[in-house]
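For clarity, chains are labelled A, B, C and D in written order, and residue numbers in each chain start from 1.
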């Protein structure tokens, strides 16, 4: 299905970095969800580069909603968001035609599309397209929050600087949406920024790890096997450019635990079933168990760097070197956060709507 | 789609641990793929517990192919494999009715299915179902190998014992299919087995990390965004019970690298484009780049352990303790390998068939 | 998706006419639907040939439910029905290898499957496979009837003999399920049977038109455009071998009406919105409007006839003649009825479950 | 999947009649298909009302391609077409709020969307959206014609005036694309126009039957059962507002034939297998057999008429009358033709791409 994702709620993604516009169509939204353009704008703001940390490219991300909203509420028919591509300096990319930027898919895309690909700025593969996902996710996230589901992501580590983990029940996720650089421990935020500045100075870049928590989920969401919560989330998360790893609960850390350490003991608390620990990240057998859902994403360093790198001209078939000029982020970890939140909201909405029906998040008049 | 997965090739999975049978239907196979029951049987053998390492349950895994094969070749219409459930001691599970085994989804499934779930031995959520996936994957894998695609998986680490990584071009994967306990360094294999034996003695269990490589892939497989190679593989892999993390190339290790270290330099070699290193695991922008595809899966320790654990009776709504009797593996890492190989084969087949059409792996008469 | 159909409820169909077995997997059923094997057996009975009207082949249709039912109720996980192929005289078909039976897809299938198709008795394309759909539909239909939705089909015409249409609100559909040869006007039933007998004598066959009504549906089921009630139903109905036309309400008759005749006037009745006539067959804009849903299917004459027909041997590439021996129905209209009912039930279940969620038809314990 | 359709090629449809814009996203197009905006404009022209026959609403249908085309060729990534809604007189519809226009889905949509639907001019259910499908289909149709596949549709009957059928091998379809009012027999065209004029005068409307032929198809396209050519085509065709019947080959006429009349005899001709007649419309067992594919669609009379009709105000819950002012076509049969051609092209493209892969219709550089 390529650029279409989801079952009860589907998102169709389109556009190229230097084309006319990028956008997304959301099909399957309930009728009657309030659509607040301020919330969408805020989420897009969180995805933007800023100050010294970011690229010089001004992405206004002035979005339009072409369909699916009437009198401030979703209609229940497809909602289309379009974000025009304004300030694109395609010239920066002309010299790169045929040059495989290391870490990018220029060469692979050329093999796939036989030279017909729009190769300016990565074309359809550009991180720019994630802005449309962030806008779409903002709507799904609003709907979830009306039902008490909260999503929060922080930078757990960035080039070796490690933030503290979430509190026991992730009570601290609420504040994250306000932070442009979401770190739980302020001191660590400063150190991370220093790492980014250092990389920028060296015309290099850094990567990191994002940690996400969701609260307010019931037990029993998800499906066995192919639509396990982990499967659907990972499918969506790995579609984000730069994400190279996803783990739930202890994830790779499970490999050094005993089963007796890895299992979360159940216990009754105020008449509810909870687990005493949450090493499984709120998921058992692919289904939510009612505890906070916790996962982590590995974000690789921005592949576009100013440093000279060895590479090939795949059209001429010869070795060459490249230094990616243009305007690039020395780190995209903090920006990827907004995309992780968005896709998480879209997947959870989909799981809810599959189980509880198309009207679940909607209103009645 | 719950228990149906794939686009050009779909697999439908069914059955319960203690029901009549488990099985899978493969729809979309090319006509003319040779079906060798010996290969299927061998793959099922690799999934089996053995000797002191395994559970006492004898899984004969005597499979039947009900449809889709005629005169030794696939017909191109749905291929159905059924594996009857023979030696099931449901009695072992009767006492567990209402008891949430820690690390299992008994409680979550009860919330989802309102008490109608077949809860004997995990029912539909049992690892037993992966036998059907292994059989299905054997057929897809045979087709891939006819086209020069090889898949191999080894145990990279088990409770702290770490195997060496794959050779530069993963030339050493061919032998893995012959090993019941697939480790590249024999000494490490012995140490891992000691860890398993130690856990077994303590009525406990251990987890580990599997590393998989594919060779022989062309550049340009996969799709942008939602059908990236990473997305589709992770979707499938996370459907395997016990898998809690998936990473490609350096994965979580990217978080401490600079971009200049993370990027793989391209170079011409014998007229072909290759990369000097392979930190991105053979994938750029979600597409294969022609290098070996490399990923790792975190496998949590078997949740079924003989040790007494705190838990709840969710029907009575009270705290209790449980020691999971029955016959269980102190480690499923080596068995999960066969499932990882199978799902990898199914996903790659799907990607090929989507791109090159339904007949790609087939024959002509 | 080939042999997989449906969104919230998917059915996967497999098997060949002369293979080991045929069957279907239903994924997405709610937990807690009572499964009564008598009802399934009865529906299979309605699909069977009988006496002088039918073929001599005894289809026992002894089905097994391999998974998805526990203690008499659906579990909510995939339900698999298998029907072994017992009395198959493959020899009857050996002589036909390479011969294109007129009206059958032997030649087209050969082009598609390059000679690897199982060509005995039509293989996977055989009407025999509809038995699995009937069994699957029986379960969906049971669930619908618990919610007050009734489905009934009669033979509206058979080789020129025309039955009366449904009563105004299709109140007469309830009796149809009891009739092996479902006709509203008994006299017409006799005349139809005479037509069949006449065709049989001439080693020929006849076709007809089935008319189906559903009562008890709410307004607002279905989706705009691609998942209109008409689209989904027609998709399913045209998968039945022999169905060559589908029309809703006045269907092709609309072509001679004025808009003022074609439109159904709305009116209030006992506080409910109804229409005074039902020329649109209970559907407006692709959505149900709360009136009985009415459609008709054209069933072509059984293509297998004993008469000698001109044809080709497509392997030798030469003209020849064929008289299809074997055991065939001179009419499949009355049998197709059971399949139409079954697919209708599956599609409606799917539409309900998409809108109201996976648990809609299920139970609670 | 609601507003998303197709497997190898998917079309996502969005917009409302009086919203900002309507549009469609095509995902799965091969890279390298030439995109000629003149062809798209011509197909949109064929869908437009004209002169006395049409509505007064000027639909400029000035479309923009937002993505997926670069230097005149498809890129292989999603192609997005947007058609802004210009001249919409929403005021005409304000008085209709809560009034169920007979033959329209206002009431059903209100039940489905709980009052949040955009009800101006039918909102998302408006025939206006088919303009986006026509534009999308123009691209698929161009690709097909490069491979020798031709599609043509004529008005077979309109309010009782009947055109002659296609020539034996539908050699006469080529001219149809040039006719704004596509009828094979010119005299009949005039009579049909008279019928339309008569209906217009009476503030009423008329319906008709469209007949479509495709030439140049190979044998073996399509899939058994759920993806039969008939199933996929009917699914798409029934999504067109106003289509209430679809039949293939003799369709409903099969009900009065004997099998010996209904079967098409095969014969060898110049080394190729053909059929002497084409009563099955080029399809056997759901697969193309290499003969022209022929089907018919019943189009109901335009439901919007100026005549006063009885109906209800479903918000107030009381009986009322309505005369639909606004600007409406007394017949949409000739316009529906463009939509039928478009959806046919999209479905055939999908079938080809599924079988022969994503690159089948594309180019190489």
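The criterion applied here is as follows: contacts are C-beta pairs under 8 Å (C-beta built on N, C-alpha and C of every residue); 3 or more make two chains touch, one makes a residue touch a chain.
Remember, predicted model here, so these are calculated numbers, not experimental data.
Set against the C-alpha centre of subunit A, every other chain centre is closer than that of C.
Comparing the chain pairs A-D and C-D, the larger number of C-beta pairs in contact belongs to C-D.
Annotation: 26 Å between the Cα-based centres of subunit C and subunit D.
In whole angstrom, the spacing between the mean C-alpha positions of subunit A and subunit C is 45. If you average the Cα atoms of subunit A and of subunit D, the two centres end up 38 Å apart.
Contacts with at least two other chains are made by residues 1-4, 7, 13, 77, 112-113, 124, 224, 359 of subunit C. For subunit A in complex with subunit B, the residues that touch the partner chain are 1-5, 7, 13, 100, 102-105, 107-113, 122, 124-125, 129, 157-160, 199, 202, 204-209, 218-228, 230-232, 234-239, 241, 243-268, 271, 273, 275-276, 280-281, 284-290, 296, 298-305, 307, 309-312, 314, 317-319. For subunit C in complex with subunit B, the touching residues are 1-4, 10, 12-16, 19-23, 25, 27-28, 31-32, 64-68, 70, 73-80, 82, 112-118, 123-124, 359, 362-365.
Residues 7-8, 77, 224, 354-360 of subunit D are the ones touching subunit B in the complex.
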